[in-house]
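Some structures are shown below for you to check.
What follows is a pair of complexes built around chain A, which joins chain B in one and chain C in the other.
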Partner chain A sequence: MFKLYGKFFAIHLRSQMQYKTSFILTVLGQCLTSFGAFLSIYFLFARFHQVEGFVFQEVLLCHAVVLLSFSLAEIVFRGFDTFAGIISRGEFDRFLLEPRSPMFRTLCTRMEFSRLGRLAEAGIVMAYALSTGVVVWNWAKAGVLLLMIVCGTLLFAGLFTVYASFCFFSIQGLEFMNIFTDGGREFGQYPFTVYGRRILRFFTYIIPLACVQYYPLLYLLDRAPSPWYALIPLGALLFLVPSTLFWRLGVRHYKSSGS
Partner chain B sequence: MIQLEHIHKSFRVARRSAGMKAALHSFLHREYTTIHALDDLSFTIGDGEIVGYIGPNGAGKSSTIKVMSGILTPDSGTCRINGRIPWRQRIEHVREIGVVFGQRSQLWWDVPVIDSFSLLQSIYSIPDTLYRQNLEELTQLLHLEELLRTPTRQLSLGQRMRCEIAAALLHSPKILFLDEPTIGLDAVSKLAVRSFIRELNQNKGTTVLLTTHDMQDIEALAQRILLIGRGRLLLDGSLQDLRRRFATGRILTLAYEGGALPQLPGIRVLTQEPGHARLALDTTCTSTADAIKSLSQQLSITDIAVEAPTAEEMVVALYKEYQI
Partner chain C sequence: MSVQNLPRFRRPYGIFLRIRFLNGLQYRAAALGGLVTQFFWGGLTICLYAAFYRSDAAAFPMTFPQLVNYIWLQQAFLALFFVWQNDNEIFDCISSGQVAYELCRPWDLYGMWFARNAAHRLSSAALRCVPVLLVAALLPAPYGLTAPASWQAFLCGLLSGVLGFLVVVAFVMLLYIATFYTLSPLGLRIAVSALSEFLSGGLIPLPFLPDGVRQVVNLLPFASMQNAPFLIYSGSVTGPAILSTMALQCFWLGILFLVGRLLMRRTLRRVVVQGG
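And then the complex of A and B:
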């Protein structure tokens, strides 16, 4: 299966390299648009020095983690993110004709390397935030940061999967899902506590974005009430259970209704 | 062996009249109509047959193919293909079938065809030796040498269809479903595709089911025809059966010297000029041989041509008879 994924990876790379100029321009564009988000944080902190007890560099770290996760998810799980097109062009029928799981096949069908621009911007911001010394480093914290990014990526993948599963039922009116995907990315620039208790709860128990961001961030900054906060990102993976079940339900519906 | 018994499938389709008011109304309250795409469909296809599956647009041809390839689960009825239920044992089943949908490509747009093939090798886990052997054979039979290194986007429609067919056969399927394989192809490509399908069937015993609107495909390939209309199987027989039932008329074109056209039962004069006539003959009254005999007794015929209705005309008659 890894070998097959590797083959798909190679073919995507070759396809996208066919249009070099377009590729480079998209990468640059991606990089610049997410730079806008960085600027908005910068200007905010030019006037206020703290937001809910978080300083500029801490918020930047938060922004970088969420953006990094989001852009990784967009590169790897692009098939789920653009699933409406896959259904409407009948590509999904072809997936079902192949002796592979439709989920794996969807994973393989799109990889969006032009999102490397966004990834690069997130990486630069993160490097900057870390270089200012807001985090006192040790190995455990490095592990937690990695865990935040990995679990964050998978959580966004789960959100894309929910979006894709809706496409099995109707291709129309799916824009509301962007509240959680793109919205999650935008909201996630600041630690979720700044939006108030209710929003924090929503992003903890319903869509557990705070689990990869606010709680482990407290651990990184030595402000966590308990060392267990380091493992909270793993809790976000629970989201993959309902999203996978929903996907299965969608596939079953699709097979009984056709496109 | 393909066996379908009493397959039913209906879809609910949202209905809406034209206009802004109707659009608003349907936004609040959707009306659905049920369409019976497949209505008690049963047939059996033996190993090694070539079957032409015909019917007007919307008759249920694609739905049948989807059911048989495991993409669509019917509401009721049974379907067994080589002993498997396609939608239950999808993964084992699809290893044994090849499907060419005219509209849904399995080739990657921007990379050379050979790369798409090699990806299919991995998807189907085709052993290297078998893959090389099949590739070589398909390349030769479908004349793909020049095309393999070309990106799909630069191929013509006919070239692409040949590559699509090859792609569907790399894993040596026992059954091949072709959905309109010759649609939009030029005459040369059509002939190439047809002769390839015939050879495949003869040499490998591959069972082929093809849907088409092109009756020349049927004439060239299908020993057997299934006609479907409004989700029901209307006719199952050979092209000869069809001829016997629907091609009972002949057109005789005569050139003759002297004599008067005789009155014969079952012959109607279409046009008549001195020394030249076109006659319509009903073979249920008078056989063609008898008609020619009587005509030649009374006229001195210099030239005669007999035309039977084309498959195309028969199908029109068929659709008319079943009112589909």
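And then the complex of A and C:
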């Protein structure tokens, strides 16, 4: 399975590299998009200096973790994000006939390397934020940071899966899912506590995005009430259970759109 | 192909507007999904600014209710004022070579595309703005949309909104024209959308920019898009500043329109349509 995935990976990479200028321009465009988000944070903090006890560099760390996770998820799991097209063109019929699981097959349909632009921006911002010394380092903290990014990526992948699963039932009106995918990316750039208690609770227990930023961030900044906060990102992975079940339900419900 | 001497050919614009409008109204479920998204988006944005307001109220460049009005207007009229809210069919038709058929039609391409883009935006805004405005107006005190400061502010805001909308469409026309010159328009489109979103006050309202930066950005055509009408309506631009803001809008509209027409004419003179 890994070998097959590697083959798909190489094919997508090669095909997107065929139009080099186009690729580079798209990467730059993506980079600029994230840069706008960075500038907004910069200008707001130039004026206000702190929000809910978080200073500029700390919020930047949050911005970088969420953007890294989101763009990694977009590079690898883009097939789920563009699933509406696969359903409406009737291509899913073919997936069902192939020997690999439909989920794996969907994973392989698209990989969006142009998101490297966002990844680069997030990487640079993270390097800057860390270089300012807001975090006093030790090995455990490095591990937690890695855990935040990995779990964040998987959580966004889970959200893409939920979106794709909705496509089995209807491909109209799914814009509301943007609240959690694009909205998660936009609003997740600030620790969710900024938005108030209720929003924080929603993003902890329903869509556990706060589990990969706010709580472990407290640990990184030595403000966590308990060392267990370091492991909260793992809790976000629980989201993958209902999202996978929902996908299965969708596959069972699938009726071909024909053609 | 000129329209000037054929007055009866002016009618197609109106028909185009109507067709696009009815077409857009078909996607009601999409509109509902969009509505939910906009409430959530607007609500969370307001929560974010409320947190900044708590941390330093004196640094706020406008009153809190003015900011809330700005955010709700932005959500209600998203389709009118954001450069990326486009009818992608026109981009596709240029890069696929379909544009050859458009060129065969006996009316002016600039006017036709202008009407199409405007109609696309108007139809999606028409469905979305009323419920957003209604519910936002019903929200409790500091978080709801409030009436404008005066009826003058309302009228000027409305007029400035029309101007801003036309500036957006005239700007997008330049993007259409640029598509003729590049075979990979996606990167350009993403970059321009990102740039214009920031410079027009789509990410943070322009009064939040620091001194020095703000004065420069205010003069750019992007500030004549959503920034002008929203600030006038909410009452954070008042008095003679309203007139100068609207004059600047007229100036940019004129420039963008003229440049667009000129470039379009030059481009079409030597366009090479590929494919077959």
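Simple rule for what comes next: the second predicted complex is superposed on the first by the 254 of 259 C-alpha atoms of A that agree within 3 Å, B and C clash if a C-alpha of one lies under 4 Å from a C-alpha of the other, contacts with A are read in each partner's own complex, and residues count from 1 in each chain.
Basically, a contact is a pair of C-beta atoms (placed from the backbone, for glycine too) under 8 Å apart; a residue touches a chain by one contact, two chains touch by 3 or more.
Since the structure is predicted, the reported quantities are computational estimates derived from the model, not experimental observations.
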Chain A as common anchor, with chain B and chain C clashing or fitting: fit
Contacts of A:97 with chain B and chain C, given as first, second, both or neither: first
Touching partner for A:3 - first (chain B), second (chain C), both, neither: first
Touched partner set for A:127, first chain B, second chain C, both or neither: neither
First (chain B), second (chain C), both or neither touched by A:32: second
Chain B versus chain C as contact partner of A:15, first or second or both or neither: first
First, second, both or neither for A:249, with chain B first and chain C second: neither
More chain A residues in contact - chain B or chain C: C
CA minimum distance (chain B, chain C), superposed complexes, angstrom: 7
Residues of chain A at both interfaces, chain B in one complex, chain C in the other: 19
Complex interface listing, chain A residues touching chain B: 3-4, 7-8, 11, 14-15, 18-19, 89-91, 93-94, 96-100, 255-258
Complex contact set, residues of chain A against chain C: 19, 21-22, 24-30, 32-33, 35-37, 39-40, 43-44, 46-52, 170, 172-176, 178-179, 183, 187, 190, 194-196, 199
Chain C residues within the chain A interface of the complex: 27, 29-30, 32-34, 36-37, 40-41, 44, 47-48, 50-52, 54-56, 59, 61, 183-184, 186-191, 193-195, 197-198, 203-204, 208-210, 213
Residue ranges of chain B touching chain A (in the complex, touch as defined): 11, 63, 66, 69-73, 87, 90-92, 94-95, 97, 99, 101, 103-104, 106, 108-111, 115-116, 118-119, 122-125, 151
